[in-house]
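Chain nomenclature is as follows: A, B and C, assigned in order of appearance, with residue numbering initiated at 1 for each chain independently.
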Amino acid sequence: MCGIVGLFLKDRKLEPKLGSLLAGMLEVMTDRGPDSAGFAVYGSGDADHVKVTLRGRELEGIAETLGHGVKGTLRDNHLVLSFPKDREDQIRTWLAAERSEIKVIGVGQRIELYKEVGLPAEVSKRFGLPDMSGTHGIGHTRMATESAVTTAGAHPFSTGADQCLVHNGSLSNYRSLRRMLEPKGISFETDNDTEVAAGYLSWKLRDGATLAEALQSSLVDLDGFFTFVVGTESGFAVVRDPIACKPAVMAETDQYVAFGTEYRALVGLPGIGSARVFEPEPARVYAWERH
Amino acid sequence: MDLDNIPQTLPRQSATFDPYTLAEIRRAAATGIYDIRGAGTKRALPHFDDLLFLGASISRYPLEGYREKCATDVILGTRFAKKPIHLKTPVTIAGMSFGALSAQAKEALGRGATIVGTSTTTGDGGMTSEERGHSKTLIYQYLPSRYGMNPDDLRKADAIEVVIGQGAKPGGGGMLLGQKISDRIAQMRNLPKGIDQRSACRHPDWTGPDDLEIKIEELREITDWEKPIYVKVGATRPYYDIALAVKAGADVVVLDGMQGGTAATQEVFIEHVGIPILSAIRPAVQALQDLGFHRKVQLVVSGGIRNGADVAKALALGADAVAIGTAALVALGDNDPVHEAEYRALGTTAGAYDDWQEGRDPAGITTQDPVLAARLDPVAAGRRLANYLSVLTLEAQTIARACGKSHLHNLEPEDLVALTIEAAAMARVPLAGTDWIPGRGSF
Amino acid sequence: MPVIDLAEVSRRDLNSQLHALVPSTNETHWRVENPNGQHALAAGVDAPITIEIAGHVGYYCAGMNKQATILIEGNAGVGVAENMISGMVHVKGDASQAAGATAHGGLLIIDGDASARCGISMKGVKIIVKGSIGPMSAFMAQSGMLVVLGDAGDALGDSIYEANLFVRGNVKSLGTDCVEKTMRDEHKAELRKLLDTAGLNGEVSVDEFKRYGSARTLYNFHVDNASAY
């Protein structure tokens, strides 16, 4: 149970402001989700490099230790490492062997992912969201339902490269889905229903579905109440379950597409007064791609 | 071998296909409709009877009766409300609708509760003037159906109870069949007379604890933050549900186990959905403790509370108060053998009568028929309820004194042991004579 | 005219001032500025006054309204005018889910669109939506009128009781037990009267509307209807 915000920029001139706009939206959703918060931002990157977001303690010096070609950006207890693609296996192996207590929470070309227990405003400040730039981003404030309030339980969940998902609602068949996905090579770290939804999408994408197709299948295979906002390297998508009890509001202008659980989250966006404001229909996938 | 005297095998009824099951299959085959009835689960379940108190001896000393007080008062709704509820006894009357019950029965409940200084609760049909007039402390239920809901009654209430579910049918909505939709009820509920009421199982304008929080704020705004807001759930996942109710802003949480009664619902719902109250209390209290809210958000438990021992055990496990429903109706006169001839005519017998949805109650309690309802004298019935509530309170005090407690609230889980492994595991108290709590430690 | 700026004053202050009014009050015209999507604004009012809210409101604006005329100069969140007893609420923009939910009386006018569950469980309110309404509208609608100049989404009037629904545009699909019904003279008269009250006299003809209501097959449980449940 929570608040979700999402922002997908059409106008490149707004990219330096992505973080500050998203931070404003996130903070408004504090009442809905005081337990923990998280966000993913799609920032700089290219096809020859991989970015990995790590969360843990004593992260200083890791980039230097890994040496040539590895850049590290440390933000509190999260570290974003960027390195040439061909070093990925070696670096992942090193981390697993030497620093197994560090969690890898996001991997991809452009994604950076941060999440932590605490109020949204604090989480946003700790990791410097207001200064970040990017093409799109998703944020989440959490009130835990059936799993514990831990950092691991916070959203977004990322179970594939450049993928992330946030969820408002409560899935009712996620344990069965998890049992179906695990033999297919999707692994889970938490007991959380949202992680299962993320894993489901990763499975579908891995098997060749487009983002829209994967979300379309989720309407059949997932049961319960859900509003999902999903990010991929180039895409941004929203879907609500067929009963659509959990609220969802979107706003679209020539400059952006925005999502908020409540309209209040959108009031600070530029041009919101003349935006097309609408509520997504139940059981319909809305997807945008960057070109 | 003497062929005329071979011993016969004894006719043996199946435990699986027992007489009840066989009759039900035949009934289903004849009608094509599920069985609907009132009351709560009739199965034998782990319950308070499986727990015993450790009375005083050499290591603990008891209190004398009378002079050495054992206090029973409780305050509900201290978290946010300007006017919390002060009760003289922790035994309250659970929500039961006018519609399920006759107006006379609602009046009797109000009278009896007022005599002993406790509260009654409206149900899925709104507030009647009889109940508000006769009940000094009235909790007003806010249900998915919103029948009769209005701001005037909200402001007349002493507390508001947001109902998410009840123990008899967690996940189900209200049910009242056409036989009981009289003119008055049709008018209060805004329904055509004589139809079968279909009820929503979810609230129309919010779903989930994040939106419940906003709804609770609205109710506080409308009532100027004066009244405690209770949140009632049927027992299913009590640890999470109580935590979420606290996070959503509840002042009091009401937890109703599967033994809780109903006016009418499907038999399969009553018997197979929801968990016994014994298994729900400790997880609920754990949730409050983990959030640092035990005793700050009060917990009322219900579902099969019958005597002062049940009251004391519920409090010992961590509840602040209890609610009675079925027991209150029995005190008024429900299922009394004095009506046996009429029960037989209805195809049942005293103690087993549960077709309350038919509205033909000989005791005049679960009916809207004016002739039957007139049989219940609200003043006399109110007196009976008051007597019963007094006995519950005195019994609980007797037990508490024997455990050395000067206030019922000082009862604690360590005052209890269990007779069975199931009860020990569910109530998280050791098996009598051992240190063993199944799931939590060694022998 | 009292002007309350919610950038300076709390919602609690606003509501408590409104609740303190007596029916004979002279302060009959209020203006509220900078609502900024806050919830439960002007909820629980019980006085014959007019309140203008200058902007967008959050959930449950005008909840349980009695007697007041409340104008929202923007969009309304979930449950606008929920459980209204009497009076009028006018949303100049769009309304979110559950607009007019379980309302017993009064008039709710929405100039823009209403989203899902418009008029859910309505108990006597009259609702006019000049735009379109979303899916699952008029679910379990017990009584009252819902008038839509635009289109209606899926499952209109699912499990409806005795409310009357009038839709001018397209109905995507009808809910269980909801059927098109004949527009008789008394319905046309009632509809005309309501449209005029909302200031639409001369603009819209009653002949453009179709009436929808209960087929009443679910009024007493019958096994052959089991698949409807």
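General observations
In this section, contacts are C-beta pairs under 8 Å (C-beta built on N, C-alpha and C of every residue); 3 or more make two chains touch, one makes a residue touch a chain.
Computed from a prediction, not measured in an experiment: that's the story for all the values here.
Averaging C-alpha coordinates per chain and comparing to chain A, the farthest chain turns out to be B. The pair of chains sharing the greatest count of C-beta contacts is B-C. Look at where the CA atoms of chain A average out and do the same for chain B: the two points lie 44 Å apart. If each chain is reduced to the centroid of its CA atoms, chain B and chain C end up 36 Å from each other.
Multi-chain contact residues of chain C, defined as those touching 2 or more other chains: 58-59, 78, 97.
The set of chain B residues touching two or more other chains comprises 211, 214. Shared interface positions of chain A, defined as residues touching 2 or more other chains, are 247. Residue ranges on chain A touching chain B, taken from their complex, read 1-3, 31-35, 143-146, 168-170, 225, 245-247, 261. Residues 202, 207-211, 213-214, 237, 240, 243-244, 247 of chain B are the ones touching chain A in the complex. Partner chain B is touched in their complex by these residues of chain C: 11-12, 15-16, 19, 39-40, 43-44, 46, 58-60, 63-64, 66, 78-79, 82-83, 85, 97-98, 101-102, 104, 117, 120-121, 123-124, 139-140, 142-143, 159, 161-162, 218-221, 223, 226.
The touching residues of chain B, counted against chain C in their complex, run 31-33, 145-146, 149-152, 154, 178, 190-192, 195-196, 198, 200, 204-206, 211, 214-215, 217-218, 221-225. Considering their complex, residues 244, 247, 249, 262-264, 267, 277, 279, 281-282 of chain A touch chain C.
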